[in-house]
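Next come two complexes, and both contain chain A; in the first it sits with chain B, in the second with chain C.
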Partner chain A sequence: MKRRDWWVIGCYAVVAVFLAWVLVPILTVVLNSVKSPPDIFSATPRLAFTPTGDNFAKVLGELRFQDYLVNSTLVALGSTALSIAVGVPAAYALARLPIRGREWWAWLILFTRMVPAVALVVPMFVIFQSVSLLGTYAALVAAHTTFNLPIVIWMMRSFFEELPPDLEEAAQVDGTGRFGAFLRVALPLTTPALAATGVLCLLFSWNEFLFALVLSGRDTQTVPIGVASFIGTVSVDWGGSSAAAVLAMVPVFVLGLAAQRFLVRGLTFGAVKG
Partner chain B sequence: MSPRRHSSRHRLALALLAGLTLTACGGGGGGGATTGQPDAAPATPGGPMGRFAGEELVLSRWAGDPWTSGQKQAAAEWAKATGGTLDIDAVPYENLHDKQALTLTGAGGYDLLYVHPSWFGEFAKAGHLAPIDGYLADAKRNPSGFSADSYLPNVLAQGKYDGKQYCLPDFVSTTLLAYRKDVFDKAGLPAPQTLDDVAAAAAKLNGQDGMAGIALPGKRAGAVADIMGSLLTAQDNWWYGPDQKTTLDKAKAAKAIDFYVKAAKAAPSGVLNFHTDEAATAAAQGKAAMIISTTPSLHALEDPAKSATAGKWGYAPLAFTAGRPAGELIYWNWCVAAKSEHKDAAYSFLQWYTSGAQQAKVAIAAATAGGTKDFYTNQDVQAKLPFLTAMNQALTTSNPQPSLPTWPKAQDQIELAVQEAIQGKLTPDQAADAMFQAVQTTLGG
Partner chain C sequence: MASRTRRRTGRGLGHAMLGPALLLLLALIIVPLVYSAGLSAYSWKLTDIDLPKQFAGLANYTRLLGDPTVRTAVLNTIVYVVAAVGCELVLGFVIAAALFEMTKGRRLANALILLPMIIAPVITALLWRYLLDPQFGLVAQVMGVFGAPSGIGWFGDQHLALPALIVVDIWQWTPFVILILHAGMLSIGQEQFEAASMDGASRLVVLRRIMLPAIVPQIMIVLLFRTMDTYRIFDTVFVLTKGGPGLATETIGLYTYRTGFSYFDMGYAMALSIFILVTVVLVSSVYIRLLRRREVLR
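== the complex of A and B ==
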């Protein structure tokens, strides 16, 4: 066998091990979600079993996990929309406008991302309580925007910087203003990047735990709180938590598939200069 | 019950910040005038006292565990009978303390709280809880014949701080030994009477028919300290005295650790990562001939849906000397928040839910015991909980799970010492010494 063949086999082996490492836990969760307790707790993992929908029935019936899904959807969409609405113009400004000390501004924005969430959550709790927003969607959207906004600004800034300024200058020569050049030229050209950034924001918001725990109310708790709620003090509802985890994964999985084209293009946007 | 999987770093950070905000936010007043009709007779026999039309209560508790749905049902029954509403704010147990501390430090928002003993002292000292002596003593607010005397005195006393009664107990449990009667019969072994019998049987049965000799918690999550507490109580010793100075006898601690190490040698692999549920799962699946754990987790042994060994278990309290059983009194406190504007309604639910009849419903579903005297004479409960007799014996000689604000730190060090003894890093004597130092340091001399 040629040396190159060994190299290819080695690559496949590494990929196979990596995929097993990543996918086996997910597969276990998926299988547990349709297993009855005796099958879940069997001494050796059972691959042959009679599937049951009891876990999903309990999670969606008695425990109303769909409420958590709705809450997470509203918060994630709200935070992403707000972050993009504010962050994209800010990113463009930092990339293009002659702002004094703009690198410092950019680093200052990034610094907010470096502050541990646990240090922010208590002041936020006090602030939201004082303005009677504690336990509302608005509080969660605002809180999640604090960590999504720097991501949007930094990602989109780098994308805008990769665009040739000539295109916008040409548009301005043709009579549009700076904002028009941004809206009609720069923004359409960065659509894949915008989609990738939006997906990342959605994912970060969807999976966020601490702010959701402290700032949410009984009616606004999000998916991570719901999934963690299956861990009791003396027992863990493995079937229920697995069903909840599957339900929590489905929207993200669908989103990932739908946005795959944009994600690949967006995340490699500007990686190679033409 | 034991604090489990607790992020101490996270908790500490939040506690510090919460403390800072205390001064920033101000204390708030709390209290409130009488609301509703707290002395109205129950709508149905055995129902809750009072009418509280339009009053909206919020209860803070942990999420998960089998009896959550039962509690929701109780809340709905209370609401229907009194005209009020009771919403449950359930968060993961690991985060319950922080969520409660933040909420109570701020403007409030909770009327009723489940407070674990390890932070009861902290909350009472901070003024987060409302005294209920007046409610308990007021015959008009309680069903006929119901008073503080209805509770087991030693259990009720755990809800006292600085001479005032703040909370009512429920979720009573303890540590017990469970052993496979069929396995012991087959091996020709008598039912274990003492912990020496347990260690000997564990060594003999270990490895037979693919079983470990015994399963028990080894993870630093609270249950190890609970079992150690029971092993000390079985030797007439305890971590500290009434003056909160340590009374730990190193020789007795070493004997307890020695037993733990012997048992761990006959435990399933990975015992250091076992909490109560992992130990119970192993035993339920026939992978251990015995188990020492807390009573709620032992309930899984008798659940045919989860256990391949249901009906095969015998139960006994922990005892170093035959006829001298001991346990640790593990319990939770139901408390009324100081800032609640619905204290009358909150007490109505609290009294009703901790009464023997309601606790019997919880016990049958979840294997926890009530805090009232009549609970232990309930025939339905006795029929459903095969370990109730052993539990009673254990609780007869028991010390309550420590509730000092500083105790979680000591508890962690106690469990670390046990782990290091199991790993062979420390001898039982050295581990006992480390334990003594940790307890003494935590208690301040």
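== the complex of A and C ==
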């Protein structure tokens, strides 16, 4: 074989090894979730075992993990809806409309991406406590909007700017006005991008831990809090906590793969088009 | 005249569309930050709720500057950032370059590679907690098969806890680096590779002379986002070590959390949170200025 062929084979091998490193931890937990304790707590890794549904039955039965799933879904949907409703018009305004101090506003929104959650969670705790919102869904939706809204504005702005302006100008000549051009031309053209942005917001909210840890109450705890509490108190129950982790990961994988093309853009605040 | 009216309505519409978002950001981000900055000038513990807040001036900040825990936390964070981001960049570059050579299965490989970075950090922590369990973790089991001594409690060991956390970070975030660097490599013009192959350059030379220089902007973006996000790391450390053993894995975010919600020392916690904010913004601004100079960011 030629040297070039060896090079390519080497590249495939490198990727294969890396994929193994990525997948083994995930597969281990997936396997643990369908193993009974003797198969988990063995001296050597066991691949031949009889799968069991006990762990899932327990997690969705006496441990009521579905409550966490419902809470996470409500908070994620609420924060995503709010961020999109408020953020998409703002993104269009920043991309297309004459605004005084446009660059300054854009910079302010970039600044909000830098604000660490831990700097917000301390004052938020005190503020929400004083207005009796601590432990409510509203508090969590508000907290998650602090990272989702800037993402929506920044991403949608980059998508609106990529549209050819002629279409919107033509619509304005037809008499629909600038808002009509936004509603009837720009928005339909960016629907796939909007869907991907929404998916990213759901993902970020679903995974968020610190705000949920501090601001949620007993009845509003989200999935990461549920999983973390498993690690703390029932740490001997590897099967149960693994089943909970699997339940938490499945929606993430579906959402993440759906938004795959835009994931990097969302994570880098539009800096990388990907 | 007509065009002037048009312009004014455009501007009015622009403000009406931007306004709600700005108000929301103001209420949710700026107000809490200002509130935090204001209350950081008070000595105020939630434990004695009846006591009035006492004005303390800059006392919380002078305490912060002399606080050995803050110094340890910042040093830990620097070690963590440099080691984790350094490894992620090297590993990410190698894998991205290898992916670049693949003609079959690249889409599938890409989809699988991104899994760690979309998993919640809490779940990542759970995966590694079990993998590195001294008795029944996969690592201990495999080491046992080869007769190596088992029972290494990675996260409970003074010297191994921080490296173990760095390994977890590398697992979770190298995919992010790969995807960004790979995107940069894909945007290199084909003619550059053709010219190189006409000169008979080897693949390694192409890698060093063409691909590496071409993705410098992407490398800088990786540095910006990984530094910014690693500095404020909380979730995995909270779940895996809670900053211990001792202060071996203490981070500034964790210390702020504990000051506020375990010791209920709110005035000091707010000073710490302002300290995090200011340092993150300062470091990010330096990066962003560099990126703007190279026209990577607007």
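Assume the second predicted complex is superposed on the first by the 246 of 274 C-alpha atoms of A that agree within 3 Å, B and C clash if a C-alpha of one lies under 4 Å from a C-alpha of the other, contacts with A are read in each partner's own complex, and residues count from 1 in each chain.
To be clear about the criterion, contacts are C-beta pairs under 8 Å (C-beta built on N, C-alpha and C of every residue); 3 or more make two chains touch, one makes a residue touch a chain.
Please read all numbers here as calculations on a predicted model, not as lab measurements.
Student: Fit or clash for chain B plus chain C once both are placed on chain A?
Tutor: With chain A as the common anchor, chain B and chain C collide in the superposed model.
Student: Let me test your reading of the model: by the given contact rule, A:Asp237 touches which partner, first (chain B), second (chain C), both or neither?
Tutor: In the superposition, A:Asp237 touches chain B alone.
Student: Answer with first, second, both or neither: which of chain B and chain C does A:Ser36 touch in the superposed model?
Tutor: In the superposition, A:Ser36 contacts chain B only.
Student: I'd like to know which partner A:Ser229 touches here: chain B for first, chain C for second, both or neither.
Tutor: The first partner, chain B, only.
Student: Which holds for A:Arg218: it touches chain B only (first), chain C only (second), both, or neither?
Tutor: first
Student: More residues of chain A in touch with chain C or with chain B?
Tutor: Of the two chains, more chain A residues are contacted by C.
Student: In the superposed arrangement, does A:Val126 touch chain B (first), chain C (second), both or neither?
Tutor: After superposing on A, A:Val126 lies in contact with both chain B and chain C.
Student: Between chain B and chain C, whom does A:Glu62 touch in the aligned arrangement: first, second, both, or neither?
Tutor: It touches chain B, and chain C stays clear.
Student: Which partner does A:Gly87 reach: the first (chain B), the second (chain C), both, or neither?
Tutor: second
Student: If we overlay the two complexes on their shared chain A, which of chain B and chain C does A:Pro251 touch? Say first, second, both or neither.
Tutor: Neither partner.
Student: First (chain B), second (chain C), both or neither: which does A:Gly180 touch?
Tutor: Neither partner.
Student: Run through 62-70, 98-106, 116-124 or 152-160 for chain C and report the one that clashes with chain B in the overlay.
Tutor: The listed stretch with clashing C-alpha atoms is 152-160.
Student: Under the contact definition given at the top, report the residues of chain A touching chain B in one complex and chain C in the other.
Tutor: 41-43, 118-119, 121-122, 125-126, 213-214, 228, 230-231
Student: Going by the contact rule set out above, which residues of chain B touch chain A in the complex?
Tutor: 1-2, 4-5, 10, 13-14, 17-18, 20-21, 24-25, 58, 62-66, 68-69, 87-95, 98-99, 102, 106-107, 109, 276-277, 281, 284-287, 294, 296-297, 300, 305-306, 308
Student: Which residues of chain A touch chain C once you look at their complex with the stated criterion?
Tutor: 3-4, 7-8, 10-12, 14-15, 18-19, 21-26, 28-29, 32, 40-45, 82, 86-87, 89-90, 92-94, 97-100, 105, 108-112, 114-127, 142-143, 145-146, 149-150, 153, 178-179, 182, 203, 206-207, 209-210, 213-214, 223-224, 227-228, 230-231, 238, 241-242, 245, 248-249, 252-253, 255-257, 260, 263-264, 267-268, 271-274
Student: Enumerate the contact residues on chain C facing chain A in the complex.
Tutor: Per the touch definition, chain C meets chain A at residues 7, 9-11, 13-15, 17-18, 20-22, 24-25, 28-29, 31-33, 35-36, 39, 91, 94-95, 97-102, 109-123, 125-131, 135-136, 138, 141-142, 144-145, 171, 175-176, 179-180, 183-184, 202-203, 218, 221, 224-225, 228, 231-232, 234-235, 238-239, 253, 256-257, 260-261, 266, 269-270, 273-274, 276-277, 280-281, 284, 288, 291, 296-297.
Student: Considering only the defined contacts, which chain A positions touch chain B in the complex?
Tutor: Spelled out, the residues of chain A in touch with chain B are 36-38, 41-43, 62, 118-119, 121-122, 125-126, 129, 134-135, 213-214, 217-218, 221, 225, 228-237.
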